[in-house]
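In what follows, structures are represented as structure tokens.
You will see subunit A twice below: alongside subunit B first, and alongside subunit C after that.
Right, the complex of A and B next:
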């Protein structure tokens, strides 16, 4: 089913999408109660090792995919380090960095990195169609929802091209600037966005009529190519959760863990 | 066909039955359908004709249940599909009886893969998974698209998309196939493929066909009336049924009326309406009449060939790709690796002179639109140069271009403050005066096109580029576009437009560029290019029979144009010799429903 996205065959790509999504969700949930930098740091490294070993993502893609998470993590780190009161580490007015701020900030930053690497592993190894089929099969998500998402996915693929055409069409009549280009200000952005909205709404309506005319939501349905759910998926879930709990336990045993009370 | 299905129809409920159906949409004082009654038997094939706004689409929407279930309207009368009242049956339940093929290839296919698209229909009908694969093969084979099975839908051409959508409509073994202008967005090849696929699907007579098609002249193709479904229902502008019966006898009877209403008709029917002589292009009397319209063969009375003005736009050794112009031209500009650098066209030399009208013909995806965008400076050429003043460009979808909140504001966009009076004049000239305060998005398709053309012409650029300016227009709007082009050209504008509409090209273009295999394969006077068989075939251009006969028979482009202009003029002049409407069949209460 790899014709949709660029999902290369890898051990992780063969696992059930719903299981992978559930795993991502559970690990994120567990990380919510962790406020020390060590646990998420170790988990990030473990996650990175797993992704490198089992996801077969090209290094360049992996690096690029890190960018949004790194940006987000840095933001959290800086905000916490600068704004949190506590023992002053660096005092160069107006900059003042506190130890507590640095600890909490790095914990939260590493948490987003840990969740980030797992998300990258999930997205890069999961075919959207298989995900939707699997969510319908194994998570009892209604077919109306899963197929609407898939149709939306197809629409999404056409959006950049549509946007480009609208921009071109609207720039034809705008005055030229000295250097030859046309201005693209807030107003122009607004009208172009509106045109895109109108065109997309129409297409969305037609797509939904097409889906309905194909008999979506008529009652009991069959699944032609079910997404397999096997013992290996259970093993993945158990091993991964086990590893996370083990890390949390060891860090706790070493006396390095911090709870939510660190925040206050 | 009717004979084979007759026994079935005596027992099975009719595929579709309308009983005195009237439909009025909210905020409208006029019924779109008025008192329509007819029955379509199982396996019967029907084409629905009528002027723009006569309720053809509403009729289809009533069959699919979209009206009144999804679109609110005031409906009286009863519609049954396969014996079930559409008012009491949900759209999805009707779906099991229907196969629907919509107009727009982009929204006809919903899912990312072809296999999945087809399997989806069967999954929804709870067909056992073991049967699905074989049925996918069967449906694709019927529409001649077996090779497309493994493809992603995003990579399909328009004609391929429509065939996959047709296979998806057929795979559930519907009782009735509803076709809503299925070929209007396709080029000649795509249209032929889809038409043949529809024919193949309907041949066994197990499925009834309800077709609405707007370019009947192109759909019928070389086979003329014989290429159309056997039965024909004609809707009037008032939403009533004007004629109902065998296509071969209804079309000649309704010819004049449909012609004057601005419908595109099969060649034979149109010629009968315009000349009053039946028999089509093969008939000697028709040929004599056409030659009569062409005027003096010596060309003595022909106007001098358009005096070629100065070159207003030129592309030299141009390479055309889909790569957009960079937003910034600074040092750090880097081409995105994903951008499509593949050259669509190379070594293009084009010159456009003041007052000249030039048409670009070629397949969908051959690079016609990209050529226009490159000439307009909106795409970066992969090689060569574009010289000339900044041209105007009218896009295929007028909505992409809209910037104003009203029609008047739309035309004023980018104009100096003192342009007011000129804009009013322009609005009148393009028949938009009445609509000046309306929202552009709320106009009809034809009005939107007129608006986008008027708004561009208001800028008085030295040259005008237009992408498929007559796509989806009825005959009257097409004639109006031709007139607007000629006015602009007479005022000195050089016009270059892409088109699939060979007849319009023959009517208006002085010169034709033929695009095929990544380059321009012909560039010359319209009549000469349209005569060339092999090159036309390579470019995927099909010349309709009337135009083919004219360019082969007449000695000058001016005479060809004179004949086509005279035929266009007859749309407004009224029919000269069609038999007077038979009182027994003309009224809305006519067509005593064929007894079945």
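Right, the complex of A and C next:
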């Protein structure tokens, strides 16, 4: 995703990264106390509409990005339906599905879908470098931390290549199997991972020396390409939070909401 | 470890241990640990997602078997840097890299989970004032890290009230001790042997120990 391609221009990509991150965080916190399927279900649909409308993500990418958390959501649903005691809905030994299990399971599954779609919207429209700059400018994160993380980001981009080199060097030296290939088991993974760790730590030390020799962390710094923070960002925050609270309120007024006590 | 019996000398900074301030070098090391482990987890998760969909409900249980692996960063960072909050910061930075740079859709709650397990993993070392790094400390670190985050995840994922609750807890704690505690010591010792961390607190401590 974000480390594969550049961020395309869209209404959401022009908003301040710190504001978007804070928004994502707040909505996730609010959803933490919701245990009915209706609220997260509605929020997922709203989130999907917002991402389709304002993030300009190609349909294929959006669909593929769904895969990991849809699998995760299905797992949660099935486990809760099967393993939660309560009023029995289906009883075909050894399978026993309870009503409570189905309710809690679908609520948690839809919650991970709702957070998932918002995360996609955030990741696909946020440039990591702009996020770090913005966190330094607007969240008062110290320059030493943001530069260290950005250095890590650059390193991350080189890791797949580094990994490939280590693996190739290992396979050249490892014995061939009958069909010509080489084994790549847990042991080989461990050796390659350790080599990657040592190489990266060495590079990290050189990197910190060069950052220090450029005087990083001594006194205040100016920012190259500052990230704007304007009224539109406030509007985004208010509108999005307002929508979430409105949905929670309406669902509550309809008598459909459930809290954490549903679990016990 | 007889590190506490070392007589402080002017040339060895181990006598006046500072455990409260990070140098830029320490920060970069913590980030590098987060990046490398983030990348390795990401590679494993790619293989894992397919498998867990195949396993269905069993895949949901199997996550506890591997949980200890997510704890590794904290004890390794603490053991090398030996500075207050190193473990918590390492966990949080690792999760930031996963969420922001690798695009994990688990979302920002991963940051909260990371902070909680970082506190659990760091606590045993902090209580001994970052001087004790034996097998017992590492095992306890893994146990607490896994236990702390279990309380949070159980609420988040609705494990309370499930028939499987205690099975989940037992698997997760065992995984924490083995993968998140003992394995960390194996890795730290191996790293120390390569000499790549000689210029950090762990290298200074080992050096002082060898001379004393």
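Note that the second predicted complex is superposed on the first by the 259 of 264 C-alpha atoms of A that agree within 3 Å, B and C clash if a C-alpha of one lies under 4 Å from a C-alpha of the other, contacts with A are read in each partner's own complex, and residues count from 1 in each chain.
Everything below uses one rule, namely that a residue touches a chain if its C-beta (ideal position, glycine included) is under 8 Å from a C-beta of that chain, and two chains touch if they have at least 3 such contacts.
What you are looking at is a predicted structure, and each value in this text was computed from that prediction instead of being measured.
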*First (subunit B), second (subunit C), both or neither: which does A:224 touch?*
first
*Counting only touches as set out at the top, which of subunit B and subunit C does A:45 meet: first, second, both, neither?*
neither
*For A:193, decide between first (touching subunit B), second (touching subunit C), both and neither.*
second
*Report for A:68: first if it touches subunit B alone, second if subunit C alone, otherwise both or neither.*
second
*Which holds for A:129: it touches subunit B only (first), subunit C only (second), both, or neither?*
first
*Once the shared chain is lined up, is A:207 touching subunit B (first), subunit C (second), both, or neither of them?*
both
*In the superposed model, does subunit B or subunit C contact more residues of subunit A?*
C
_Looking at A:170, would you say it contacts subunit B, subunit C, both, or neither? Reply first, second, both or neither._
first
*Classify the contacts of A:104 with the two partner chains as first (subunit B alone), second (subunit C alone), both, or neither.*
second
*Which partner does A:216 reach: the first (subunit B), the second (subunit C), both, or neither?*
both
*asked:* Counting contacts the way the document defines them, which residues of subunit A are shared by the two interfaces, the one with subunit B and the one with subunit C?
replied: 1, 3, 128, 151, 153, 198, 203, 207, 209, 211-212, 216-217
_Touch list for subunit A against partner subunit C, complex_ = 1-3, 21, 24-25, 28, 32, 35, 65, 67-69, 71-72, 74-76, 78-80, 82-85, 104-105, 107-108, 112, 115-116, 118-120, 123, 126, 128, 131, 144-145, 148-149, 151-153, 155-156, 159-160, 163, 193-194, 196-198, 200-205, 207-209, 211-212, 216-217, 260, 263-264
*Where on subunit C is subunit A touching in the complex?*
22, 24-25, 27-36, 38-40, 43, 45, 49, 52-53, 56-57, 59-61, 93, 96-97, 99-109, 111, 155-158, 160-164, 187, 190-191, 194, 196-197, 199
*Residues of subunit A that touch subunit B when the two form their complex*: 1, 3-4, 128-129, 143, 147, 150-151, 153-154, 157-158, 164-166, 168-176, 179, 181, 184, 191, 195, 198-199, 203, 206-207, 209-226
_Interface residues, subunit B side, partner subunit A - complex_ = 64, 66, 70, 91-93, 95-96, 98, 100, 102, 104, 106-113, 116, 119-129, 132-133, 150-154, 165, 168-169, 172, 324-325, 327, 329, 373, 376, 378, 390, 392-393, 395, 397, 399-403, 413-414, 441, 455-456, 459
